[in-house]
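Everything on this sheet refers to the single structure shown next.
Order as written gives the chain letters A, B, C and D; numbering starts at 1 within each chain.
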C-alpha cells in the first residue's frame, strides 16, 4: 500500500488542510470500526506508540495507538498553525512537522519564493525527508496553497521544485486556490502569475479551485437548506460543515464551508487508492490518463451530489442526476462550463453503491452532449470505490481536462497585465534579492504559451478532423 | 496434464477467482444423468488440471497471483479462503505496494524486469508441483498497466523459459467507451507483444459480456462480479473435461494442446472468441427445455452472423454459395456481415450428447477458402452436464469475429498516436515511438489477414 | 561330386537338425520337410514359405495388423521388400503372385537373406520381449520417416500456401505435445524406479522396470509376459543351435542353387518389376547434388584468391631452410584432419548414439554403481548433435532470408518489416 | 470487408508434395504420441493406488451405467445399496464357481480360469474396467474403498466383506496356497512376495517390498544369458568356413541371376544419400569454421589454404559419388561399379560390426537428467525433421517465387508465407507496408 504526504502552505493551505485532516479522521473512524491500524488508514496516518519516547518508530500493524498525520505544515505567520495546535486536532500533529516564522510574506510572491525559500530550504527538506522516511512507499505529495497570497504562492511553488529534485518519482498534486475577482489583495494577479509559471513547470497535476465558485456552491446549499423545501433536516452525523475540528466553531463563516468542499475533493480523489472497490484507481493513474501533454495538467473538478457537502438530509434523487450534475456549470469548482468546451479527457471517480452498469449507462447517456477532442473520443477513466462518504450512499467526483480552464487563465493574465502595464507595485518585488524583472515577462509568456495550446485545441472543436491515414499493408 | 494459471492485475485476479470457483462448483454439481463412475472420472480430470491436493485435503488452485498493489490480492485470497471449498497456495502470491498506474510501459519496462526473478520463481514452484505440465493460462486485461504491461512481460519470459509449454492468454477487452483513457495504447502494445510470445489469445469483450448480463441473465444492476461470473462460466464450458476423440471412455488429457492444434496453428491468426448457449438466469432455467438441434442451430447462426449472444441473432445472414435460396434482395447485402471462420471447435455437454448432429458446422462455406472443414472443424463432448444446464454447447472460434473491434482499436490508437498525445507518459519509461510503430505494423497486418479471409 | 559326396554323407543327420533349429528360431517357421520339398520346387511348399517371408519382411505383419492379407497381396509385399533390399534374382520376382509355384526360388530368397548378415538376430531383436525401460532407440527414425506418405485426403481443391503454414503450425504443436508427454513419462519412470529401488533380484539393476512392476500388479498380464519370455528363450536357443551347425545348411544350399541355376539361366531385363528406386530417392539425390555443387562453388571462390595470395607471398618463405619440413608436417596434419572428417560420415565410425538396446537404470550419484553408459555422456553427445543441427537450420534459414531480401530489394514502394530480432 | 482477398495457390505437383510431406510428419508425431500415451497410461496406473485391475465383484456403478439413465439422483442412494448387496452375493457365487472350476479342470493357468468364470458373471463391463480405473484419481479411489468397506456391514459373511475391498492379490495368494498344483508355471507366477496386506497401498508406500516371482526371475536370467551367447557366437561368427560358404553362396546366386554387377538397391541408395547429406553438412560446417578464424601467422594461413583445398577435393569426390549413384540408379551406365564400397548402413543386412545384442545399461542419476536426455533426443529428432522440411520447402518454393510476376499480389502473398515458413519456422510473420499510404 502506498502513502501520501500532505504539504499545506500558507494560511489558506493550512485552513483547508485542517478541514481535510478532520474529515479524514472521521471517515476512517466510520469505516474502521474495530480500531485496527490498516492499510487504508496508513495512507494518510501513521500509527505511533506514544509511550515510546523515540519518535521515529511507527507501528505497522495492530491496534491504533496514536495517529499522526502524514503532513508538513508551513506558514510564515504563526496564527493559523498555532490555532490548529491548540485545537482538537493537536494530537495528530507534532512540532517536528511544523515550519513557521513570524514575519509573514506580505502578500509578496518574491518574499515567499526567494527569501523564505532560500532561508528555509534546508529545514523544509529535512521535514519532507523525515515524513518520507515514515512511509513504506511514498507515492504522492498533496500540496495545498492559495495563488493570491505571498507564502502560499511563493513558498508553495518553491517547494514544488524542491520536491521535484529530491523525490523525482513521487507525484506532485497541487490544489491551488485561485483568487476571485473581488480579491482584497492588490498584488494577487502578480503572485498568481508568477506561481502559475512554477505550476506549469513543476507540478504533475493541478486542481485549480476558484474561491468564487466555492462561494456560489455554498450559497446554493444554503438556499436549499433555508428554503425548507424537500423536508430537509440537519444531519447529526454528517461530515461536512459541523466541523468541530476546525479553527473556529462558527457555522456561518463561509470559509469553513468552502474549505470543506476542497477537503472533500481530496478525500474523494484518494478514496479509490485507500479503500476497496471493483474498479480501483491509483493516484498515479490520474496523471497517466488525464494528462495527454505534459503542460496540460490542469484538471477541472466537480463534486456531486452537493448535499454530500452539506449538513442536510435531502432524499436522494435519482442516481443519474448525480452524473448530470457533475457536468453542469454550477457544480464546477472553478468558474467554467465544461459542457461547452472541449474535453481532452475525463475521469469519473464514483464512491458507494454504484455498479459498472450504472456507470456505463450514464457515460452513454451523457456522451452525445459532450465534446471530446478528435483523438480521444472515448476519453473516460472510471473508478468504483465501494466505500461511500460518511452518511451517504454514493458520490461522484468528476475530473476534467477541459479547455474550459482557459478563461480563468486569460482573466488572470488580463488582471496581471492591467497592473503590469502600469508597473504598479513592481518595486516591492524587485527589491527582493534574486528577483529580476525578466521573471515577470517569462511568467507571462509561460502562461500565454499555455493559453495558446488550449486555443489550438479549441480550434479543432468546430471543424471535422479527418482520420489520419493509417499504415497501409500491402498484403 | 496440468495447467498453471497466472492471474495478473486487478482484472486478472478477480476473474481468476471466479474461474476456479466456477470450475470447482461444477465438479460438485449434481452430475445430471451420467453415472457415478463417470462423474468421478470427470472430477478427477478437472482436479488434475486445475487443482492440487494438500495434506489437509482442501484442493489448492494451481495458480500464481500477481499484482503490483496488495488490495485485490488480499481480497481474492480471503474470498477463496472463506469459500472453504478450495483455496490458493500459501505462497503463491506476489504483490508490491504501488500499481503500474495504467501505464503499459511501467508494467513492462519497470515492474517486469524488477520483479522478474521473484515472479518466475513463484511460477517455477507451481510448475514443479505438476507431474505433467501442459501449459500456462494467463489471465489479464489489456487496458491497464499491470495486467497488460507486466502480463506481456511475464508471457515473454514464460516463452523464453518454458518454450515447449503452451501459453494461452485470456485477455479482457475493455469497454469500447473507455475504462482507461490510454486503453487503446495499452491494448495495441499488449496484443502485438502477445502475438509474438503467446500461442493463443482468448478474448472476451467487456461490452459483449455486459450485454449478456443485461439481456440473457436479466441482471438489472450489473457489477464486475456478474461479468466475471459469466466469463468464468464460458471458460469452464471450454476447459472442463471432455472425452478424447479416439476412445470414448477416456477424458482428454491435454485440452489446451488439442485446442491450440485445432484452432491456432497459423501465426497470423491467434485470436479466439468464445460463444456459449444456453446462458440464462437460474430463474428461467427451470422453465426451459432444450434440444440439441435447436441449440446447435442457434449456435451456428451466432457464429455466421457474428452475434455475441443468443438474443438478437440476425437470421438473415447466410453463408455464401451454401446452396440455400437467397432471401430476396436482402441477402446480397447480408453477405457482407457474414463471419468467415478459419477454424471452429464445438464443445457439447449433457444429456443425449451422442445424438447431437454438428453437420451444420462442417459446411465448407463457413470457412476460408484455403482450409477445408476436415482441418477446420472439431468437436468435443461429454454426457456430463455442466453447471446446472442439462445441455450446453460452447463454441471456440478463430474467425473474423474480432477483426472489427481490433480495427477500431488500432484506428483510435493511431489517431491518438498521430497527435502524439500521451506519448510522453510512455517514453518516460524507456519506450520509443518506434516501439509503437512496430506494434501498429503488426496489428495492421493481423487486421488485413483476418479481413482477407472473407468470401 | 566325389569330394562333396562324402561331406553330404556326413551331414545327412546334421542337416535336418540344422534346418529344424532354423525353423524354430523363426517366427512360425515351417517344418524341415518344407525345406526339403522346396529344394525340389514342389508346389505344396510354396504357401508356407510365402507366409514366412511375408511375416519376416513386412513391417505391417510385425504389428499383426494385416496378417489376413490376400496371398497375392502378401506376395507383392514380399517381392517389393526383396527388390528394395537388392535381391538379384528375377525368377522369383517374375513368378506368379502368391501361387504355389516357385518354392525353390522362395527358399533361395530366404537363404539370401540369411546369408547376408545377422538377419536372424535382427529378427529376434525386433520382436524381443522388453523387460527394461528404454528411451526410444532413436527418435529420428520414428519422427523422420523419409518415405513420402500418400496424403490422406487427395485434395481436389487447389492448395493454398497458407494451408502449408497451417500444417506446419500443427506440427509445431505436436512437437510440443510430445515434449510434455515425454517429460511426464520421465517423471513417472523415475518415480517408479525410485519407489521400487532394491527390489530387483539382479543387483546391478537395483529396481524394477515398468514391465516388471506391471507384472506384479496385474498377474494375468504377468503370465503372458512370462510366456512370451519363455518362447523367446526357445527361439534363442534354437538360433544358437543354428549358428553352431549352419555350415551344413550352406553346403546343402549349394546343391539347391546348382539345381536351379540350369533352369533359369539368362533373364536379362526385368520388365515386370517394381521400380528399383523410388522417385523420392532420386529427388533427394538431386537435392544433395545441388547443395554440394553450391558448396563447391563457394569453396572455389574463397580458395582460389587465397592460393593466389599465398603464391605471391611464398617467395620469401619458400627460401627458408626449415620450410620443407614445416610444409610436410602441415600437409600431414591437414590430411589426418580431413580423413577424420571424411570418416565421420561413414556410419560404421559413428558409435555416438547407442545403437545397442539399453535399459534405463537409476543409479545414485557418485556411488560406484554398475557398469554402463552414463546418461551424462549421452547427453553430451546429443547436445553436440543438437547444436550442430541447430546451426545447420539457422544457416538454411539465413540463406532463405538473404534470398528473400534480395527479392524484396527489387520491389520498389514496399517496406518489408520482419519480426523483431532480425 | 477489410482486406483484399489474395490467394496464393500452389501448382498441383508442388502442393501434393508439400501436403504429403507435412502430413507425413504430422502422422509420425501422432504415432509417437500414441505410443507415449500408451506407456504413460501404464505408468500412471502403477503410481495410483494398487488394487487388482478387476475386482471380483462387479462394481455397482457399471450396473448403473448400463441401466437406463432414468434413475433420479434422489433414489440413487437406495438403489446403490441394493446393487451393492446384489454384487456381494454375486461375488460369493463367483468365488464358488472359481474354486469349482479349479478343482474340475486343474487348468494350468489359474488366471485364465478365474478370468473366464468372472467374466461370465459380469459380462461386458469387464473390458472397460481397467481403462476406466486408470483415469480415476487416487482420491476418488480411496473414498470408494472406504465406502465399500463400511457399507456392506449388513452382509453377514465376513469373507464377503474383506473380498469386497477388492483385494485380488490376497485372493490369489490364498488360491495358490490352497491349489498348489504340481509344477505349474502359472502358479509360481503368483506374486507371493507382495506384502500380504489387505489394505490398498501405493507404490510409493510399499514399492520397496515388492519381489519378482521365481519363475520370472529364472526366465529372465536365462534370457539375458542367451542373448549374451548369441552376441559372442556372432562376434566369432562360427568359423571362417561358414562365412566363406555364405559368401560363396551369395556370389553364386548373383552369378546365377544373370547380372554379375551389383545394382544398388533402394535401401543402399538411401544409405548413400544419408551419408552424403551428412557429408555435405559437415563439410559446410568445417568450411565455416575455417573461414571464421582469422590466421595469425603464415603457418596457419597455409594450413587454412590446405584445408580449403582439401575440402574442395572431398566435395569433388562426393559429387562424383552422386553422379555414379545417379547413373547406376537410372541404369544409363549398366555394370558400373561404385567407386567407394557401399556403406553398410541399411537397416537389414548390414552392421557386422555391431554385434552385441544384449542390452546395455543406461545409467541416470536424477529425474532431471533423464528428462534432459529424453528432451535432447526428441529435439534432435525434431531438428532433423525440421531441416528436412526446410529443404523440401526451399526446393519447392523458391522456383515458384522466381517465376511469379515481380511485385504482383500473388508473389507478395507467396513471399510472405514463404518467409514465415522458411525463415521463422512458421512461428512469426512478415508485414509488407506500402511506402505510399495514399494508395
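Definition applied: a contact is a pair of C-beta atoms (placed from the backbone, for glycine too) under 8 Å apart; a residue touches a chain by one contact, two chains touch by 3 or more.
These numbers come from a predicted model, not from an experiment.
Student: Provide the labels of all chains in contact with chain A and in contact with chain D.
Tutor: Shared contacts of chain A and chain D: B.
Student: Name the chain whose C-alpha centroid is farthest from the C-alpha centroid of chain A.
Tutor: That would be chain C.
Student: Report the chain ID whose CA centroid sits closest to the centroid of the full protein CA set.
Tutor: B
Student: By count of C-beta pairs in contact, what is the leading chain pair?
Tutor: C-D
Student: Roughly how far is chain A from chain C, centre to centre by C-alpha average, rounded to an integer in Å?
Tutor: Distance between chain centres: 81 Å.
Student: Measure off the straight-line distance from the CA centroid of chain A to the CA centroid of chain B, and report it in whole Å.
Tutor: Chain centroid spacing, chain A to chain B, equals 41 Å.
Student: For chain B and chain D, let me know how many angstrom lie between their CA-based centres, rounded off.
Tutor: The mean C-alpha positions of chain B and chain D differ by 34 Å.
Student: Nearest whole angstrom, what separates the Cα centre of chain B from the Cα centre of chain C?
Tutor: The separation of the two C-alpha centroids amounts to 46 Å.
Student: Specify, in ascending order, the residues of chain B that touch 2 or more different other chains.
Tutor: If we look for residues of chain B contacting two or more partner chains, we find 196, 267, 369-370, 441, 444-445, 447-448.
Student: Specify, in ascending order, the residues of chain D that touch 2 or more different other chains.
Tutor: As it turns out, chain D has residues touching two or more other chains at 3, 6-7, 37, 412-413, 420, 424, 426-429, 431-434, 436.
Student: Out of chain A, which residues touch more than one other chain, so two or more?
Tutor: 470-475 - these are the residues of chain A that touch more than one other chain.
Student: Touching pairs of chains, which are they?
Tutor: Every touching chain pair, ordered by label, is A-B, A-D, B-C, B-D, C-D.
Student: Sort out for me which residues of chain D touch chain B in the complex.
Tutor: That would be residues 1-7, 37, 59, 61-62, 64-65, 69, 73, 76, 80, 128, 131-132, 135-137, 139-140, 144, 420, 424, 426-429, 431, 433 of chain D.
Student: Using the touch rule from the top, collect the residues of chain B that touch chain A in their complex.
Tutor: Chain B residues touching chain A: 10, 14, 69-72, 75, 97-99, 101-103, 145, 175-182, 210, 213-214, 219-225, 227, 410-412, 414-416, 418-422, 424-425, 440-441, 444-445, 447-448.
Student: Can you list the residues on chain B that touch chain D in the complex?
Tutor: These residues of chain B touch chain D: 30, 33-38, 40-41, 43-45, 47-48, 53, 196, 247, 249-251, 253, 267-268, 336, 351, 369-370, 400, 403-404, 407, 441-442, 444-445, 447-454.
Student: Note which residues of chain C are touching chain B in the complex, please.
Tutor: 153, 155, 157, 159-160, 162-163, 165-170, 172-177, 179-181, 183-184, 187-188, 417, 419-420
Student: Under the definition above, what is the set of chain A residues touching chain B in their complex?
Tutor: 1-2, 39, 136-137, 139, 276, 278-280, 282-285, 287-294, 344-345, 355-358, 360, 363-364, 367, 374-382, 384, 467-468, 470-473, 475
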